[in-house]
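Two complexes, one shared chain (subunit A), two partners (subunit B, subunit C).
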Partner chain A sequence: MELVILAFVVWAAGTFVAVQIARSPGHDAMPARIAVPVIFGIMVLAMWELLVTGLNVSQVILPAPSVIASTFARSTSTLWGDFLQTALKGGVSGYLIGCSAAVAAALAIDRVPFLQRGLLPIGNFVAALPIVGIAPILVGWFGFDWQSKAAVVVVMVFFPMLVNTVQGLADTTAMQRDLMKTYSAGYWQSLLKLRLPAAMPFIFNGLKISTTLALIGAIVAEYFGSPTRGMGFRISTEVGRLGLDMVWAEITVAAIAGSVFYGLVALIERGVTFWHPSQRS
Partner chain B sequence: MRNVLPVLTVLLVIVGIWYAAAIWMNSAWTIDRADGPLTFSEIVSDTMSQDRPRLPAPHQVWAEFQKTVFDTKVTSKRSLVFHGWITLSSTLAGFALGTVTGILMAVGIVYSRPVSMSLMPWAIISQTIPIVALAPMIIVVLASLGVDGRAVPKAIISAYLCYFPVLVGMVKGLKSPDAMQLDLMKTWSATGWQSFWRLRFPSSVPYLFTSLKVGIAAALVGTIVGELPTGAVRGLGARILIGDQFGNPMMIWSALIAAAVLAGVLVTVVSVMQTVAMKRMGFAR
Partner chain C sequence: MKKLLIGALALGMGTGAAQAADEVTLQLKWVTQAQFAGYYVALEKGFYEEEDLDVTIKPGGPDIAPEQVIAGGGADVITTWMAAALAARERGLPLVNIAQPFKSGGLQLTCLKESGVESPEDFPGHTLGVWFFGNEYPFYAWMAKLGVPTEGGEDGVEVLKQAFNVDPLLNKQADCISVMTYNEYGQVLDAGISPDELVTFNYLEEGVGMMEDGLYVLEENLDDPEFADKMVRFVRASMKGWKYAEENPEEAAEIVVDSDETGAQTLDHQIYMMGEVAKLTAGSDGALDPADFDQTVATLLSAVSPDNPAITEEPSEGAWTHAITDEALQ
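On to the complex of A and B.
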């Protein structure tokens, strides 16, 4: 019971500190911007730990953060192997193939307005479809190893990427294009100097959306057959034997991998599109 | 309307590629089975009508779709309408839950700096966690808590995917009135409640509908993901899973077509609602 009360004390204290920092004059500075979410996160973890132990919640329903952490520390080599198999071999290779294929396709479409008007509505529609459903088909075609996971990722990231790139390539004003003409720039010159740079914010938007899709695709595909390693494989087998601490450790890996992946793309974006208003504030 | 011809052309090309791929992918099986050498036309006609093709031809998928949608009683477990309904009801429940959560969080973020500073980074991180990793666990946990059936876990998963676009859109929308408009509300000595309902909320509606279109598609993806890895027996995702386990490609493909139709219908319904609401509110020009 004391632990439950302590949990609420932690809650009150965390909220108080966060509110104080947010109301202080320095709330726009970098330290405050990092401190507040971190305090919030620590508060949630502490309350989770205290409530789970205090209320004697069964390990099968919700393991305490400390249990998850010790499982994580105990099985780093397994987790690392799963990460290599799913995130790097399946996810990243599929992501690279799918995104570059989509950009290439967008550049090809861009030269033919007829194709553009035909493909864009279809691409928009397909981007809204639950494409993960094709995972079992592709696993059937490409076998159980990472190739089939990469194939699922390729199909999943292709259409959002295509739509974004085509939109981005159209995002120049008539004035800018006319200026390129007065410089007597050819198609390739105005593509490289004007339209591709102008399309970069859209392309990076697509790339960022695709990071999450890539991990989802790679993990779902493993539910339909995989070698005896991989994050999706581990999650489905451990859920089967109620090893929820291991499942949570895998989710931690997925969360870290997803955030790092997204962060890397966002970092590259900041370097490439430094001129865009959204990057300047 | 000027897009109709290009779209139809592209669709025709896609069907053409599909047929060509079906012939190419299924021909290995045809040649394996044959006793002697086959002519090209014999190979083609066989690849069009295999029972378990690697890639079923479009007309085979269409026949299966027609059989399970129109020729089967709606109450039957073989009817795709029945499975589609299961998926649809979870999608709508998740969509409602996700939309309400997204809007409430957006209001909190716009009105309170501590909430904004502590929630927003975590909301972004929550989207980088692949939800599918959580799906099997949510189902096991809810089952051990005594929640029967799969409707609730599926709705939670689809709400998880759908709240984020709504949150982002609503934060943008609620912040869209400029300082001049907010000052005007102040000169009328409007209360916070009044300036929310008369100014901030109405100006956020265009943003809301744009996010809802993304959100409803995401909710459908969430529901199908929730049905896929979990041994569900009802719903479109379950049809895909069962089709995979029994090696019945036609079943997988027709469920995929049904999911695509459902997605199209849902997005269209939201767009129509958007057009009507925009007109009534005077946004349309």
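On to the complex of A and C.
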């Protein structure tokens, strides 16, 4: 019971400190902007730990953060192997294949109006296929290893990427295109110098959306047959074994991997589209 | 129409009796199929009602762990395999076996003859399909007994996480796959592969069999005499259902198909399944034979490894009880 009360004390104290920082004159400065989310995170973890222990919640329902942390520390080699298998082999390769295929398709659609009427509806159709429907089929086609996971990721990221790129390529005004014409620029020149740069904010939107989709696709695809490694394999197996601490450790890995992946793409975006209003601070 | 009549009857008998019936929720290990025919028969034939029980049967599925459902309070009693129940017990979820309708197990490993597997000595270098989600313990115990590593390589076997179908064998992605005598083995035959093209190993015959579907409840609930009394009546009616299903397999299969809300089961397959399941339940009157329990534990303990973390020590006292069956089966 004391632990439960302590949990609420932590809550009150954390909220008080965070509010004080937010109200202080330096609330827009870097230290304050980092401190508030960190305090909030620590507060949530502390309350989680105290409530789970204090209320005697079964480890099968919700393990305490300390248990998850010790499992994480104990099984880093397993987690690393799973990360390689799922995030890098399945996720990243599928992401690269899917995104480049989508950009190529978007360029073709942009060049040939006939394809616009044919390919876009097909892209639409593929996007509407549920992952639980296509994953078992692709596992049947490409085997149990990471190749079939990459194929699922390709299907998942293709459509958002395609739509964004098509939209981006249409984002120049008639005036800008006319200017290129007066320079006597050909199709490729105006594509490379005007239209692709103008499309970059859209393309990066698609790339960022696709990072999370890729990770989800690679993990979920492992539910439908996999070798005995991989994040999705581990999660589905450990749930059956009631090893919920390991499940949460994998979730932690997925969260970190997803954030880093997203952050990397956002960083590249900053460098490429530095001219765009959204990048000015 | 039948349901309407029953509804009308229930109304006619007055609401008093209906309300007084004790509610019991049973969580199945898998989807509605003849593997659980006894419970559906007991429900449809009114055996539960005779015991003044209002039983709800919750079907399971590929992503439902019955142990987790009972831990979360979603069920009073579950069916699961003994290895999974003991694993849950060691992880702090005190499950107790109160009855064991399945005397023997139906888990097998089926190999294509053309893959060159004729005996367990031939496994190294081959790819084997295994079910996980708490069903992998017998496999790892067997490999430990054979001394075959499961990490692949020339001396080891490559393990695939098999989805709950037989495609990997048909697509030749695996040389051997896991099958239940009463379900997937029939699917392999249905796919046009004849029994003499197959080599089948039964876990029981290989000496690594483990008790399959048993009824498990939480230990703390058993201390409550009212709950224990409910379980006595539940087990009595369930076993009556099982014996009825064994004697009337076709009727039982029909009841199962009618109870299947997904409409995915076909009558032919359920009749096949009921015939095979009846062979497994035939030897049991519901009471667990302690020797079977000891054998399952011994098999699990003989193969403790990181791959097979079912249990690492002898289960604590009270993992099974005859208290319920002694009273139910008088």
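The criterion applied here is as follows: the second predicted complex is superposed on the first by the 264 of 281 C-alpha atoms of A that agree within 3 Å, B and C clash if a C-alpha of one lies under 4 Å from a C-alpha of the other, contacts with A are read in each partner's own complex, and residues count from 1 in each chain.
FYI, a contact is a pair of C-beta atoms (placed from the backbone, for glycine too) under 8 Å apart; a residue touches a chain by one contact, two chains touch by 3 or more.
Quick caveat: nothing in here was measured; it's all calculated off a predicted structure.
Enquirer: Once the shared chain is lined up, is A:254 touching subunit B (first), subunit C (second), both, or neither of them?
Expert: Once the two structures are laid over each other on A, A:254 reaches subunit B alone.
Enquirer: Given the touch rule stated above, what does A:224 touch, subunit B (first), subunit C (second), both, or neither?
Expert: After superposition on chain A, A:224 lies in contact with both partners, subunit B and subunit C.
Enquirer: Regarding the shared-chain residue A:273, is it in contact with subunit B (first), subunit C (second), both, or neither?
Expert: Neither partner.
Enquirer: Identify the partner contact of A:236: answer first if only subunit B is touched, second if only subunit C is, both if each is, neither if none is.
Expert: both
Enquirer: Tell me which touches more residues of subunit A here: subunit C or subunit B.
Expert: Subunit A has more residues touched by B than by the other partner.
Enquirer: Could you say whether A:165 touches subunit B, subunit C, both of them, or neither, answering first, second, both or neither?
Expert: Neither partner.
Enquirer: Who does A:117 touch here: subunit B (first), subunit C (second), both, or neither?
Expert: The answer is first: A:117 touches subunit B but not subunit C.
Enquirer: So, does A:61 touch the first partner subunit B, the second partner subunit C, both, or neither?
Expert: It touches subunit B and subunit C both.
Enquirer: Just to be sure I read the superposition right, which of the two partners does A:212 touch: subunit B = first, subunit C = second, or both, or neither?
Expert: In the superposition, A:212 contacts subunit B only.
Enquirer: First (subunit B), second (subunit C), both or neither: which does A:140 touch?
Expert: In the superposition, A:140 touches subunit B and subunit C alike.
Enquirer: Of all the subunit A residues, which ones make contact with subunit B and with subunit C?
Expert: 58, 60-61, 136, 140, 223-224, 236, 239, 242
Enquirer: Taking the complex as given, what residues does subunit A use to touch subunit B?
Expert: Per the stated touch rule, the residues are 15, 18-19, 21-23, 27, 32-33, 36-37, 39-41, 58, 60-62, 114-119, 121-122, 125, 128-130, 132-137, 140-141, 211-212, 215-216, 219-220, 223-224, 231-232, 235-236, 239, 242, 244, 247-248, 250-251, 254-255, 258-259, 261-262.
Enquirer: For the complex, which residues does subunit C have touching subunit A?
Expert: Residues in contact with subunit A: 62-63, 65, 67-68, 71-72, 84, 87-88, 91-93, 132-136, 150, 158-163, 167-168, 171, 173, 309-310.
Enquirer: What does subunit A use to touch subunit C in their complex?
Expert: Residue positions touching the partner: 58-61, 136, 139-140, 143-144, 222-228, 233, 236-237, 239-243.
Enquirer: Quick one: which bits of subunit B touch subunit A in the complex? Just the residue numbers, please.
Expert: For subunit B paired with subunit A, touching residues are 2-3, 5-11, 14, 25, 54, 113-114, 117-122, 125, 127-134, 136-137, 140-141, 144-145, 217, 220-221, 224-225, 228-229, 236-237, 240-241, 243-244, 249, 252-253, 255-256, 259-260, 263-264, 267.
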